[in-house]
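Below is the structure I would like to discuss, written out as structure tokens.
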Amino acid sequence: MVLSLIAGTANPPLAAAVAQFLGVELASVQLQRFPDGELHVNVAEPLRGRDVYVVQATAPPVDQHLMELLLVADACRRAGAARISAVIPYFGYARQDRRVRGREAIGALVACQLLRTSGVERLVALDLHSTAIEGFFPGPVEHLTAVPLLAEALRSTLPANPVLISPDLGAVKLATRYSRLLGAPVAVIHKVRISGTEVETHGIVGDVRDRAPVIVDDMVSTGGTLEAAMETALARGATRDVVVACSHALMVGRASERLCSYPIKKFLTTDSVGFTAGPLLPYEVVSVAPLLAEAVLHLHRHESLAHLRAEQ
Amino acid sequence: MVLSLIAGTANPPLAAAVAQFLGVELASVQLQRFPDGELHVNVAEPLRGRDVYVVQATAPPVDQHLMELLLVADACRRAGAARISAVIPYFGYARQDRRVRGREAIGALVACQLLRTSGVERLVALDLHSTAIEGFFPGPVEHLTAVPLLAEALRSTLPANPVLISPDLGAVKLATRYSRLLGAPVAVIHKVRISGTEVETHGIVGDVRDRAPVIVDDMVSTGGTLEAAMETALARGATRDVVVACSHALMVGRASERLCSYPIKKFLTTDSVGFTAGPLLPYEVVSVAPLLAEAVLHLHRHESLAHLRAEQ
Amino acid sequence: MVLSLIAGTANPPLAAAVAQFLGVELASVQLQRFPDGELHVNVAEPLRGRDVYVVQATAPPVDQHLMELLLVADACRRAGAARISAVIPYFGYARQDRRVRGREAIGALVACQLLRTSGVERLVALDLHSTAIEGFFPGPVEHLTAVPLLAEALRSTLPANPVLISPDLGAVKLATRYSRLLGAPVAVIHKVRISGTEVETHGIVGDVRDRAPVIVDDMVSTGGTLEAAMETALARGATRDVVVACSHALMVGRASERLCSYPIKKFLTTDSVGFTAGPLLPYEVVSVAPLLAEAVLHLHRHESLAHLRAEQ
Amino acid sequence: MVLSLIAGTANPPLAAAVAQFLGVELASVQLQRFPDGELHVNVAEPLRGRDVYVVQATAPPVDQHLMELLLVADACRRAGAARISAVIPYFGYARQDRRVRGREAIGALVACQLLRTSGVERLVALDLHSTAIEGFFPGPVEHLTAVPLLAEALRSTLPANPVLISPDLGAVKLATRYSRLLGAPVAVIHKVRISGTEVETHGIVGDVRDRAPVIVDDMVSTGGTLEAAMETALARGATRDVVVACSHALMVGRASERLCSYPIKKFLTTDSVGFTAGPLLPYEVVSVAPLLAEAVLHLHRHESLAHLRAEQ
Amino acid sequence: MVLSLIAGTANPPLAAAVAQFLGVELASVQLQRFPDGELHVNVAEPLRGRDVYVVQATAPPVDQHLMELLLVADACRRAGAARISAVIPYFGYARQDRRVRGREAIGALVACQLLRTSGVERLVALDLHSTAIEGFFPGPVEHLTAVPLLAEALRSTLPANPVLISPDLGAVKLATRYSRLLGAPVAVIHKVRISGTEVETHGIVGDVRDRAPVIVDDMVSTGGTLEAAMETALARGATRDVVVACSHALMVGRASERLCSYPIKKFLTTDSVGFTAGPLLPYEVVSVAPLLAEAVLHLHRHESLAHLRAEQ
Amino acid sequence: MVLSLIAGTANPPLAAAVAQFLGVELASVQLQRFPDGELHVNVAEPLRGRDVYVVQATAPPVDQHLMELLLVADACRRAGAARISAVIPYFGYARQDRRVRGREAIGALVACQLLRTSGVERLVALDLHSTAIEGFFPGPVEHLTAVPLLAEALRSTLPANPVLISPDLGAVKLATRYSRLLGAPVAVIHKVRISGTEVETHGIVGDVRDRAPVIVDDMVSTGGTLEAAMETALARGATRDVVVACSHALMVGRASERLCSYPIKKFLTTDSVGFTAGPLLPYEVVSVAPLLAEAVLHLHRHESLAHLRAEQ
């Protein structure tokens, strides 16, 4: 079976880098938006009997990127692809993994079902916000992690006396994974009401005083959570050598502008989304292209991906 | 079973008008876009056991409007709706109803499958560009037509000696339906090569000389087809009292600007899409709200819709 | 994966010819009708892990031929076939591709669903009457065309000054494809009311006077459409050197008898259905066996079929 | 919910009788065969929200009758029927309920799947040849029995000293049900090799000497099984007052002619198939119309059918 | 539509209490285990057109209780039930909601799929261990909570100066819900490595010194988590007036024996599982029967359950 | 494609023997029951792209063994197995193949559907109690038979003048298969009422007097059927050299104790279930491991299994 790699428009440089690592050409695909905004997909080369991997982050604008992935998958299946895997470095709608207050949609489930309906048979994802997605998608899900890559990039420049900070309860497992790799302690920011009558405030578990805060999260969207974490940590006596590490830097709206008023010494992230590191923050971007390429290669060869997965 | 009517954001005035004709309140729904563009749906009132109709044109921006419809449907089904019907006054991706050149997606089929996957059990559509959609959607499709409404609006102001012009072969059946209602002859613009060596040109079938051209089509998008039709008709001696009638006025980009250089005396259309009639063209807009309301009422009461359907 | 070719009873000579071109033996299959008319299928040789192609036109008697295909497919899947493709040179019920007047079945869709339910995973079809079928069947559809074969057969004996005539609006694209291959102009017969009050008559687009009419269609069933086309063309001054070209010659009932009173010089068709060219008409039959064999071979080898497909 | 009763063409008098018992009109349906044998279905009256029962035996010609049922079901579902039940007095392909020798189809299963695919949600069947069908159809199956009706018809004219004879092992349970109702003993014809070296012969279990044989079976097709049973019984000393009782009289080919050479005093059957009792045999036909009508009525009213079912 | 309530064998007293609150009789069902352990289900009364609720906790022995629920659902659907809802007070396999280490099953997803496959169309569940289950089950899930009932039972006897303790990070949201109802602060036990080199220990967030610990969790299985929580809280100076509140008391193996060596003043739980409160612990059992009965009644009447749900 | 063999806990020695015959190692799988009885599955080696065969009899305790098979299948599919076949030497719930009396479940169908839902794509079964299962499972079923093995084992020690006895009508075909292989006559025990008024008694078809009874059946559960058969045969004059041959020896409860009071000279069976041959009966156990291994090998190599199947 021949491998074919197809890139959506969400992050062409990443797809190109994955292709380069794999030593293959990206398949020639025409992704044309008509004047009314409808997308027309045409694959210019044969896919019959191919093992097809479509690389597309469903990053903002999420609906267009998702729809594009769905139409590409449909074109692939009609063209006789033997197997269609979606490589989704960032999975949009992942936070909608349950109904919180009532008559809501479960957006992450809908996204999974749409992918399957359109012909995607397997997902390759990276540091998913919710592990429920593995059960939502009706097919194998290969859940990769960029944490070892990011931890490796942190290691050399880690400030003395660091503390890994999870900015909320949802990132504690992530922080623990960094902790194992870096040998540093963990602190957790949490929003619990510490008295029955008071409003919620941000507390912190673990000792941050005079320690250099390394705040880790799976994603940074508007930066609001990160701001609160930095304020809490600094208020509790952490040093002003803040390091941030996240797998997905969406940097929505004016996130970079707002964050540049904090003493961030390094903002470490990956190229999972089509993110442009501007001058406002001291970005360091680690490419996940080798990781994705290795995963694709192992999948194509029917080899184990165990070493690329994270404990959940 | 109680009827619930939900409006998407594609065309709120139309949904409000439908609700008014039905004598019901639109269900209270929160459709919130997060800063990263993800949509969050929350229905504020009970839907359990309800007969739910979601009114949403999948007009531009088509991907967002479609995704919104899918998430609303998912919320409805989780909330225990007894039956979910999508009322889609304009159906996006309808022109992608087959593979033309090769390894393409069939966008209209994908849209139908996504709707079904998300919980839509029945479609109510209006003057669909392709009749194949009735077979693509895995459930009942009620295909309504605005042609009688538009013909009625034409009748009083129809210029003397009119000729109904189908701007391409795809609209001939539509023109024939107008013809039956208005008692006027039909002419057809066509693109066939009239010699084996020449390039394609626009020919015309039927006599237009000294007749007032009434150009009918299901939709006007960029206006290009319409421009070609007017030029052909005028070149063949049609009078400069052009009337245009279409069910869906997308008027993409600078369509109005381009069309206003032609001698259009009346541009008759409906409010199927969230279209704003600007001053550039002599628009007359007939509301399909009564038609949609009547269809919803008949469906809700399990009554026949035969009188609202068109022969295909 | 080993290729297996199975023939239904609709057209054994065609299946045998396909087998010969492929250099394979037809699989030994027992297709026995019990005294009560029930069909019993028994495949006499192993199919496990095979790439199976079942050749069966669903020509009249359509219900028996379709049911036979369904039962053969079921037998194949139970026997462990790796993949089951139906090669359907003529697809019955193709004209029922939409609901025309109301509470009808969509026969083409039903046929597609029955095929899928019984184990058919892929269709290979030839000059389908309706392109909607590609979307109706829930799997890849390879839509082949015999037009180049027929055009090639026409070329040498084409009368001087020919005109390709589409007998109705549905065959215009087909006529255009012949036109491109043969370098001859196109004329179109159409049924539109040319006045608002008159009944429908047959008009014609394009110049046929003193030209030799080459009437092309996808299929000839009772011959009625063809008769009307010939009468219209001759009335408009076409020469009496009529050539007919169609992919599928069903010749239902007394079609040959009725047509032989017209000045048909050549009736060109294929062996897609189990059609016996009688002496009444000057038949010339081009075999589609090489075309089908080539398609099967390319599919079996996971190669592109683009050169065998027609633009739709 | 309003009840609608639709008749296929397999047995119009039975459907009419069911309608009469129910006090309803048969729905007006156009079932037109085109010249090429394709069936066109058009239902002339509204079905939206109706509780639809389609009465159609899949008796010979089985493929046409089955296909007709499938297309009618499709038309009903597209027309918005609330629930579609197929009332199948005789179920064709029922004997193909397993693979006997190898790479065969399971025709009964295929038939069940086709019905479900086309929109049938519930089966009402009568004295099915195989109980496996209840598990094959993916929906509720109401398996009725005509045995009490037939036993009642037998009772008054039962010859003295009767013995109920099952003509093979498959009908033993059926014979036992007659036995319970009529208070007569059972004998069983069987084909077992009574010596290891001999060929198979027909043996008999139970005492038939000087008893009047009442041979019971679910169906009589060519009459071959019945002939063998009569010969065996008479050879073992049964009296020449043979009575035959079967639920389904297919009487395929020259069955009546062949059977009329045997001393059959009464041939008792039902009108489950569109069977015409000729003069050759002393037929007595009991109508199952009241039974089917009662079942439909109970189903429509959500009442128990337990008293119309047989133990299996 | 008539309501039918069916009880599995997991917790007959609870089902009986639900029936009593609803004022209905439990449907008569025979649930017989054959000598080889296979279960035979027979429902003794009509279910056709009924709105059926099957009450069955999938508590230990989980596989038998689950299989029983599946077979009962199958019997109901064959008997023509209009709708089948499973009322599952305790949902077994809920903790297997993701793959933790590699090639594991997702048991909660499998359980959900088995339920749907067997005919269950809707789940009613209580304080699910994982919210992912709402997305795993392909149908509406009504997720009820016993927290208000338990909080109400706590209120009167709450020791002075209480602190609500979440024994791990997974129960923080639960503790927060108790906190809102009782106006008491929250503390969280957590297992994070507080230094990079040390092994994991149990830390605590929030002040417990001299406060009465009220440990809340969704379930107590072997009691191990609870033991650790009590030891941690007492070590940090909490008073020895321990109160435990959990929705599901499985008390597997010798859980009660082990826990009775701790200063538990009250062990508050519900009757969700067929749990027998022994003398070893100061149990107080609040019945969820009224809650389940109210939910069933609202569902049956198509009314909102919003007031019975908890925020997730 | 590499073959992987996984053993459930139902019959580890059989699985080990199959592995040995195939020359492969059993895959390392952790099947851990938690204290609350929930099963946790973890496969320790890669399965991606593998051809996986899971050997698991669903013998008592049937619910646990079935659930184990379902969870193993789910783990395999998530791990990327290319194809999952369940090798089920004994298929529990096989006797529930139809509804006998009314509102029952069809347990065999439910089991088949659960298997398919959990990822099993193909069944390999041995001497199934009901042939309907082949139609119930939505995928290929390879139905093997141990009869030739058992007949071979009987041949050398067959008493003089033997008669093969089918203990009820359901085993007649089985007895006939033994008869063909051994060249011995067949007798059939049957429960029919031989008079209309008498209660049922056991009759016998065929001559057993002074013959050595060889009672054959597919399975022995509690031994009750076997006891009745022996008593009937001995009462009719059969010799006291009873031989029993069955494919599946469940020996439920005190079956061995009860049977040891009969003159059984040999009790021939297989190791299909995890059966321990105790000292009470003169057991001779033929291993089906070579048969299963051969079947797996042929399936893996896409070869015919025809010689391992039995006529049904």
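Quick notes on this one:
In this document, chain identifiers A, B, C, D, E and F correspond to the written order of the chains, with residue numbering beginning at 1 in each.
Following the convention adopted for this analysis, a contact is a pair of C-beta atoms (placed from the backbone, for glycine too) under 8 Å apart; a residue touches a chain by one contact, two chains touch by 3 or more.
Quick caveat, the model's predicted, so the values are computed rather than measured.
Annotation of chain A and chain B: jointly contacted by C, E, touch as defined at the top. Counting C-beta pairs in contact, the pair that comes out ahead of the other among B-C and C-F is B-C.
Taking shared numbers over all numbers used, the chain A to chain C interface scores under half, which places it in the different class. A centroid comparison over C-alpha atoms places B as the chain most distant from chain F.
The mean-CA centres of chain C and chain E are about 62 angstrom from one another, to the nearest whole unit.
Rounded to a whole number, the gap between the C-alpha centres of chain B and chain E is 51 angstrom. For the pair chain E and chain F, the distance between C-alpha centroids works out to 39 Å.
Rounded to a whole number, the gap between the C-alpha centres of chain A and chain E is 34 angstrom. Multi-chain contact residues of chain D, defined as those touching 2 or more other chains: 46, 78-79, 99, 101-102, 106, 109, 134, 306. Pairs of chains that satisfy the touch definition comprise A-B, A-C, A-E, A-F, B-C, B-D, B-E, C-D, C-F, D-E, D-F, E-F. Taken in their complex, chain F has these residues touching chain C: 122, 134, 140-141, 298-299, 302-306.
Taken together, the chain C residues at the contact with chain F in this complex read 46, 48-50, 77-80, 82. Every residue of chain E that touches chain F in the complex is listed here, in rising order: 34-47, 60-64, 66-67, 70-72, 74-76, 78-79, 92-93, 95-96, 99, 101-107, 109-110, 113-114, 117-118, 221-222, 250, 252-253.
Only residues 97-102, 106, 108-109, 130-132, 134-136, 143, 169, 172, 175-176, 179, 182-186, 188, 190, 192-197, 203, 205-207, 306, 309, 311-312 of chain B touch chain C when the two sit together in their complex.
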